[in-house]
Amino acid sequence: MKKIINDPETVVRDALRGMRAAHPDLLTVYEDPAVVVRADAPVRGKVVVISGGGAGHEPLHGGFVGRGMLDAACPGAVFTSPTSDQVLDAVTKTDGGAGALLIVKNYTGDVLNFEMAGELAETEVRSVVIDDDVAVKDSLYTAGRRGVGGTVLLEKIVGAAAERGDDLAACEELAKRVISSVRSMGLALSSCTVPHVGSPSFELADDEMEIGIGIHGEPGRQRVPVGPASEMVAALLDPILEDLPFASGDRVLLFTNSMGGTPLIELYLAHGIAEQLLADRGITVERRLVGPYITSLEMQGMSLTLLKVDDEMLELWDAPVHTPALRWGV
Amino acid sequence: MGCTTADVVTALRAAAAVVQEHRDELVRLDQAIGDADHGENMRRGFAAVVSKLDAEEPETPAKALKLVATTLISTVGGAAGPLYGTAFLRASTAVADLAELDGDAVARALRAALDGVVARGKAEVGDKTMVDALTPAVAAAASSTGSAAEALAAAADAAAEGAESTIPLVARKGRASYLGERSAGHLDPGSRSTALLLRALADAAAKA
Amino acid sequence: MKKIINDPETVVRDALRGMRAAHPDLLTVYEDPAVVVRADAPVRGKVVVISGGGAGHEPLHGGFVGRGMLDAACPGAVFTSPTSDQVLDAVTKTDGGAGALLIVKNYTGDVLNFEMAGELAETEVRSVVIDDDVAVKDSLYTAGRRGVGGTVLLEKIVGAAAERGDDLAACEELAKRVISSVRSMGLALSSCTVPHVGSPSFELADDEMEIGIGIHGEPGRQRVPVGPASEMVAALLDPILEDLPFASGDRVLLFTNSMGGTPLIELYLAHGIAEQLLADRGITVERRLVGPYITSLEMQGMSLTLLKVDDEMLELWDAPVHTPALRWGV
Amino acid sequence: MGCTTADVVTALRAAAAVVQEHRDELVRLDQAIGDADHGENMRRGFAAVVSKLDAEEPETPAKALKLVATTLISTVGGAAGPLYGTAFLRASTAVADLAELDGDAVARALRAALDGVVARGKAEVGDKTMVDALTPAVAAAASSTGSAAEALAAAADAAAEGAESTIPLVARKGRASYLGERSAGHLDPGSRSTALLLRALADAAAKA
């Protein structure tokens, strides 16, 4: 295992110290429990939007803390959901008197820990669970679909709504609308290596890729030979389009994401193919986001996320945001 | 002969040591069908439990169990943190008034723990989770009519079998469920840690 | 070789198409010859700032085209400097009547091609050559030092000066001041694989890293065992500090860069260490940039760049910029 | 007997074919001490030359050489593009007025090419660059008193030796110079491509 770290046990803490040093104007970073809070918190009268999850997905979620997006983020250990103590602490530290919306990615650990925090919080708390990964077959009898790339779009859009003054019920309703309109899928060309494990989470041969991976080094649903980029992009896009479904005439936000180790040149290349495939189907790409925004350590691979947008979502997407990882209008 | 508070603390320390020993095994199990953190999560949690036990002296078995519960809740994270945390919390409540634990108390504590896990996690037997180890353990402890040590021994045996029974199953809860059919053929890490914990507690109780 | 590409021969073109699709409001992308131009070019009366170099370093340079930074960028083949035709075309397409400043990284190919373009251009052209890589021993009798991370800072600062209306002489003089105040060094944990080659540019054992690498998969100066992050950061920072030299009381901009395959969690961790080492030496970090901004395909590794800043440089750094990769104040 | 325009074009096509054949070798040489693109750069450039020759019919040897020059300048990039481009451009100018090239014309063209490369790249013999192949080639062509084919053959032999002579050298110019001492022990890719080009031109001229 080759990583730029000192000690697998202190990776998350050490990275948080780097974030604190890098963004003194934007973030207040607490270590025990680990919580990243926007520097001007609490903002009185504003619904706070809080998320969190295992570390290793940077910039998610700490990189999205700041004006117009998250009020706080709780990083767990690498690939491990945060504890309820962390979530509770985030709620307490940011409480502006208008309640808190918790954005929870649909993993058992995340759901349980956020749920426990919600039970203990003294302010009014609502939770929404995002489950946009079409690679997972949904069923009432299972843990359901994972939350993946859609989380980034959800946090931006709901964060903007909270910033403009929407109340808790409105933020929750908007969040549910976004969740019901967003779908994602990812693939890996290489595994990642969790620092405290020291060996790759899964093994891929030189000519194999894994389709339908999650963001924790979980194996995907299918292992197939590596093909050209146009096949890879279609392998992600087709299931997404069929699932919602998306149809000719739809307006979308297209998010082309790197899993961490895939460089921008490949990502742009894939993005161009996705745009072409969408144009061929009569789907209009209104906005796009291209980059490493929800990653899986150094994994090589990509995911696509498609959000069916309406005018309000577009307005909220365009609204100013000032965080370490996303910034515009300010 | 019942387990005193000191016996319970000794048993919990023994459990912590076993978790530490089996960390890598639990990581490997979770690597196959999950996200490779179960061993490290449990190690972190039980290391914190040991620190807490070094610093505090619980006055009753229930307080010892509650210390474990709150420590796991605040240090483990993931699915295992709230589930084991709830298990120990409910177990603590179930024996709140006792100065020593006999076989019957152990059975009640285990039943409460299972109820707590199911209430939180909504898993059923056959979903390939720790519930597959804990459910037979509760039944075995209930039918044992002997001492705390005997009840725990019966529970540990049953949990070990229950854990093995998860191998052929297709997971329906937790992270392994994302794999669908590919989850079959692997031992569920949480059921393994449950079996390990019960075995460690039983062995310690037998020596008490 | 596993990459998200269709064909090694069309990688650059295909990635440019993706950039065009991703940034319709910011960029005009030409394919033959390949030139990325800011959408509102030519800007009358403004000095244009142009750079370019081999592809594979994305977002450098195309990702820095836009208001407040570059007017155009010329991407060559992967790791191959652009041709003089491309550079000349970029000058012609952006000419606002106030002359052009060419920012050239110090590689023989880049220097020669930009030089030829300058000779052929009909507008007034000045060139500055950046050579900030302290890993290379400088000498009158060699090609000299390479241009690396400092290029990003140079393009931002000089781009802002051109945007506020500085004339060509002033832009050139400022560029030289930045070049004389900036130093960089990088290391690699893994090699990259050039698409048209198909095998790694160099081989590293599982416990080795290469110190003093360039950005083209060139081997570095020294191969050493992988140590903890604190040793890695010191191995980069010490030669940088000694070279200029930087001293207690200096004010700097610290740029912690990923070579492409190193994820943000490691980069923040390294950044935190660098900030601490600088604080220990009494050097004040006034601004910071953390991310993958000048990369070497999917190489794992990092570089550090330190710029000794003055008030004018800080003001220009803070000035609005609106490009695909850097955006603030707008 | 002199080389006609048709002979020159044939020779240039032969050179393009040789570059194509040796692409991977040149990539490997550049991978060792550079950035692994020399073979691909040359392949791309000479593939474009062939397309140009397919589309246009140069009227004189000089025009054929100029076509090569401008094509290389606009398609190769890197160090080799401007250097070889300048070389062919200067060679073209040196024989601007001739309908056929004899041995003397070849010698003059090579001398002009070398002067162009040195003017652009400022390298000296011993810097481990294409200059180490071209310099002895120019001298050999100058001392040859025979036909164009003989002059080219002498130049090719000398260039091959010159290329070999770069192996022990520590590079002082181009990308290999960043390696310092580690550049010794490797053949310079540009000197190899120079030797290959001259050999191909010589062989073609011998057959004309």
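As written, the chain order gives the labels A, B, C and D, with residue 1 at the start of each chain.
The rule is short, and it goes like this: a residue touches a chain if its C-beta (ideal position, glycine included) is under 8 Å from a C-beta of that chain, and two chains touch if they have at least 3 such contacts.
In UniProt terms, the chains line up like this: A, C = phosphoenolpyruvate--glycerone phosphotransferase; B, D = Dihydroxyacetone kinase, C-terminal domain.
Keep in mind that this is a model prediction, so the values were computed, not measured.
Novice: What is the set of chains touching both subunit B and subunit C?
Specialist: Chains that touch both subunit B and subunit C, as defined above, are A.
Novice: Which is the least count of steps on a path of touching chains running from subunit B to subunit D?
Specialist: Tracing touching chains, the least step count from subunit B to subunit D comes to 3.
Novice: By CA centroid distance, what chain is farthest from subunit C?
Specialist: So the farthest one, by centre of C-alpha atoms, is B.
Novice: Between subunit A and subunit D, what is the gap in Å from one C-alpha centre to the other?
Specialist: 54
Novice: For subunit C and subunit D, what's the span in angstrom between their mean Cα positions?
Specialist: Chain centroid spacing, subunit C to subunit D, equals 32 Å.
Novice: Quick one: subunit A and subunit C, Cα centre-to-centre, how many Å?
Specialist: From the centre of subunit A to the centre of subunit C is 29 Å.
Novice: If every chain is a node and each touching pair gets an edge, what shape is that graph: line, ring, star, complete or other?
Specialist: line
Novice: What chain pairs are in touch here?
Specialist: A-B, A-C, C-D
Novice: So in the complex, which bits of subunit C are touching subunit D?
Specialist: By the definition above, subunit C touches subunit D via 33, 54, 76-85, 107-109, 112-113, 115-116, 135-137, 139, 141-143, 146, 194, 196-197, 199, 201-202, 214, 216-219, 221.
Novice: Show which residues of subunit A lie in contact with subunit C when the two form their complex.
Specialist: Residues in contact with subunit C: 2-7, 11-12, 14-22, 55-56, 58-59, 63, 189-190, 206-207, 209, 226, 228-230, 232, 256, 260-273, 275-276, 285, 288, 290, 292, 295, 297-298, 300, 302, 327-330.
Novice: Could you please specify the touching residues of subunit B with respect to subunit A in the complex?
Specialist: 27, 31, 34-37, 40-41, 44, 73-83, 120-121, 171-175, 177-180, 182
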